[in-house]
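Shared chain: subunit A. Partners: subunit B in the first complex, subunit C in the second.
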Partner chain A sequence: MHNITPYSSPHYFIYLLILLLPIIIGLWFGKRFKIYDFFATIVILITAFFGGNMSQGISLIAYVLFEMLVVFGYLSYRKKHNSFGIFSLFVFLAIVPLIFVKLDPLINNPTISLFAFMGISYLTFKSVEIVMEMRDGVIKEIKPFEFMRFLLFFPTITSGPIDRFRRFQKDVLNAPSREEYIELLRSGVNKLMQGLLYKFIIGYIFGTLLLPRVTVMAMASRGQAPLGLSWYVLAYMYVYSMYLFFDFAGYSLFAVAISNFMGVKTPMNFNAPFKSKNIKDFWNRWHMTLSFWFRDFIYMRLTFTIIKHKWIKNRVAIANVSYFALFLIMGIWHGETWYYIVYGIFHALAMITNDAWLRYKRKHRKQIPSNKFTEAFAIFLTFNIVCFSFLIFSGFLNTLWFS
Partner chain B sequence: MKKKLWMIFGPVIVAIVALLILLWAPINFKTVTPTKVQQAATSLDVRVLKGESVKNAAEKENYIPIIGSSELSRMDPFHPSSMAQKYHWKNKPFLLGNPGTASLTQAMNVGGMANLKGNKAVMIISPQWFTKSGVQAEAFKYFLSPLQLTGFILNSDHGDKAMNKYVANRIIDLGVSKGVIEDNALERISEGKQITSFQRFYIKRVSRASLQSQDNLFGSISMNNHQKIIDKASSKLPDTYDYKHLNKLAGKMAKEHSTDNELQIGNNFYNKQLKKNIITYRNTHKHVTYTHSPEYNDFQALLYMFAQNKVEVMFVIQPINPYWVKYTGMPLSSITNFDTKIKYQLKSQGFNNIVDLSQVKNPNYIAEDTIHMGWRGWLMMDHRLKNYYKDKKANPKNTQYKMDDYFLTDKWANDTNFSN
Partner chain C sequence: MDEIKTKLVDILKDVTGLDNVGTDPDADLFKDGTLDSMATVEVLVTLQDTFGITVPVSEFDRSQWSSVNKIAQRVQELE
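Entry: the complex of A and B
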């Protein structure tokens, strides 16, 4: 037996829907079967993590136990005290396993990542959110069972979308009404079908059929111009961007669809990102649960801290510093390679430029035309900037230049 | 309420029913037309190799397959497809082989060509297949056809038991996995057992039925098309066939195409693949041997497949560019020893039609680049094909094979001490 990556093949859905059937019937009659939910979660976790040598499964168990210690340790501390230092320590502890996993490629010593399993990032985002909201005082009580149910909610376990604890609780503590549930089923079926189209048809065309071809072509003509550039590199950029979107958006649609069948309104990850008019708009439409997480728990908090301590006075400078922090951290989170870091810096610069342009536009509203053509141009420009950033992100330049 | 549910699930149910009908209903989707077959003959599309319907249709028409690997894509004017078109051979070549296909892939392929029975075929052997480690697992997996695999499993109740056992073992060892029931059936064959009646039922009625429908539906749509290349190539040939004249022409054309280097390697290939790093190949093949390889056993499996279907086969041993041989420091004995061994395996079992191009008097421009035949190499082969292609039926006198399962053993794979 190998690990079965959730949603990776059409067959998976047949088994998954059979497993979901009792849950769906229960919800139809307005009931949640806690024990069956638990059983289904165990089945999915076993197939996803305990195939082969079980190392992923053992890591998962170790990870969950460790995070429980951190979260409940902080909860009992927070009931009596509220020091910034201790809070920071617990946030750091919560991300320690992820840091180990992410540092691995740098250290050439794979044994260090005791916690390596698919999806560790997404579970860490959830844990950190809980610790931060405990500090804010908006999460006052949480039971170990609830924590585990939230963390291990199987439709989203490997790659998000990243839900928020309080929102999630609202859904799982009650069963939806018949009308609400019919609406959820409708939304679930639509998203499931859209996801199948995205991931297994469009994503397949770009990722499996076209990407290898343009890769070979681009590599073959890399001697022709400085930096190995050729038209094929441009083709690679677009093909990869399309693949990245359709593959990941397809996956996210599956996760939301399956959540819907289980009576949970997991938030959407994508909202027509290639229609964005500027880069800020883009980050409100692309991998939304991740960008909102970074916005709420890094950008906003950093901005408030800077203002509170009056480290920087200039509002523009504060925003720019926070952008840099956000995107640098996002780059580092993707992995410790130069291209992820450059990808982060590139987006920080794009955001800063975009803000500057918007300020300029506001001041000169009369002189700058705004009509259908400027809007189309804005979308075109944003699309190309984004695709260029994905070319950096893909790591292909690394292969093109250094291999 | 019912209407609402139907609006939600109705379209999905209809789609699923339509899919089930498409894949499993006993409808014969006639998508393979003579035009498709003509296109498939030179398309080198992987789906043609991995499918069955197009090849079976081709066997009913005037095609004789040429089974090989990457050399088939070297479509210069002397390529057999070009020659057959120009000089109106009665039967036309049907090309089966891609970069990375070797004996075992072709054994599966030939095993799936039901209509090849009693007909002729041509098989081009590359010495480079016969390395110490044999075929690469990744290449084999890529070319393994689930359809042909189900065919092999179902056919395992007849034919040579040792060969079936060998092939099943080899497929498992190379890490192929195509479903639990197929895997278990392979396991049984590898142990010399018959597959269970449930396995037979499932693989025949469920797996294979669906794969056949898929092959019929999608096996020949939007294939690669090389017809224009063949047209262009054959337009460069003179109208009358005169071997001596063509031989000179081939040398002349090849010379014009390989001016960038002194190794008689085509400019295109040289500039793309070698120019930058050619120095890294100098004297790297000093210790190459092609006499110890599991490929000999795979090749034997292929011979069994030919023998089972009473196929008459012309074997062509592919030449290596002699200048490349010198450059890489390959000892001549590597080639001659390989020749001796492969010919022993062939002749001792009754496969006597062998065209050996690895040792010819004048090897100038025999190859298109390093290890792929072309120009004069193709012409020498064509000269033999010309007569062979006059009739596509096998001569029963030439298919009296005496198969020996010693050639499936490890011992043979490493044997260099045999009598001729």
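Entry: the complex of A and C
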């Protein structure tokens, strides 16, 4: 036995759909079977986390219990008091397990990755969201069972999309009407088919067939070009970018499709990101539930605090400082390697440049042409900047230069 | 309500630097790019100072705050 990563093979869907059948029949008749939902969750968790040596499963249980202590500890505190210091402490506590897991490769100490399991990041985003919204007073009540159901919602457990608690509750507290459910099933089937095409066909072509070849060619020609940057590195950049998109967008489509079958409208993660007209537009289309999480819980809160306390006066400076904070944190979250950090800084600089350009454009609206060709150029330029950032992100430059 | 709207349009003009904000009070300010996250926060802070209301960031649901009419409605409810 070994752990079965959700959606990793076409077979998985056959078993999954059999498991979902009672849920689908229930929803068809406007009913949610709480106990069966719970049973299905347990089955998926066991196959995903307890198939191997159980260490992931034990970590998951320890993690959930710990986060329960944090969230319900803060809830009982927040009912009486509201200090910024205590709030910060609880946010910190909520991310402590993730910090340990992320620091692990850096200090090479296997004992501290006690909490490591697939999907810890995504569960942490959800826990932090709840603590922050409790502080704001928009989440006033939450039952331990509701918290667990939200955290462990199995279609999205390993890699998102990251839903929001209040949105999720709206769906699970009611069963959709027959018409709504037929619409959800229809959109679920479409997304499932699109996901199969993306992940198992297009993603496979780029990731399994092409990527190893361009890798070998780029490595073989690294002596013949300055810094090893042969044309094959360019090929690698595009192939990797396509693989990254189709693989992850395919996975995300599965997660949304399976959610839909369960009567839950999990938000979409991608919206044609390679059609973006600028880098800001890109972040509104790429891994949207993550970028919106960072926007709402880091960027907006940070700018709000800076403006309210008048720490910085100049609004351009405020925006830029916050971009740096957001993208540095995003880089650090990806992992403690130079290329993830550089990836973060690169996107912060791209956003700052983009904002400066938009300000310039606003002032010189009449002199700057805007037509089909400028739009096509904008899309082309954004696409290449994004692909270049994925080349950094891929870590291939690290292999090329340092191995 | 009209007074709120007038003040609101002034705030939006100040923050965005655009003179034509508010010509269509139902226009979606996020979709047409009038408001980005930074401008949104500035509007929120200014609304708090002008109307003495508190709007925590997580109360701010983009679908409920997306046009001049909708924002004015929310401000009136919170005032």
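Keep this in mind: the second predicted complex is superposed on the first by the 403 of 403 C-alpha atoms of A that agree within 3 Å, B and C clash if a C-alpha of one lies under 4 Å from a C-alpha of the other, contacts with A are read in each partner's own complex, and residues count from 1 in each chain.
Heads up, the rule we're going with is that contacts are C-beta pairs under 8 Å (C-beta built on N, C-alpha and C of every residue); 3 or more make two chains touch, one makes a residue touch a chain.
Just so you know, these numbers come straight off a predicted model, no measurement behind them.
In this overlay on subunit A, subunit B fits alongside subunit C without clashing. Once the two complexes are overlaid on the shared chain, A:Met300 sits against subunit C while remaining clear of subunit B.
Once chain A of one complex is fitted onto chain A of the other, the partner contacts of A:Ile182 are limited to subunit B, with no touch recorded for subunit C. Looking at the shared chain after the overlay, A:Arg365 reaches neither subunit B nor subunit C. In the superposed model, C is the one of subunit B and subunit C that contacts more residues of subunit A.
By the touch criterion defined above, A:Lys80 lies against neither subunit B nor subunit C after alignment on the C-alpha atoms of chain A. In the superposition on chain A, A:Gly223 contacts subunit B only, with no contact to subunit C.
By the touch criterion stated above, A:Lys313 is placed in contact with neither subunit B nor subunit C.
Between subunit B and subunit C in the chain A overlay, the least Cα distance found is 30 Å.
On subunit B, the positions that touch subunit A within their shared complex are 1, 4-5, 7-9, 12, 272, 276. Put simply, subunit A touches subunit C in their complex at residues 132-133, 135-138, 280, 295-296, 299-301, 303-304, 307-308, 315, 318-319, 322, 362. Residues 182, 185-186, 189, 193, 220, 223 of subunit A are the ones touching subunit B in the complex. For subunit C in complex with subunit A, the touching residues are 17-18, 36-38, 40-42, 44-45, 56-60.
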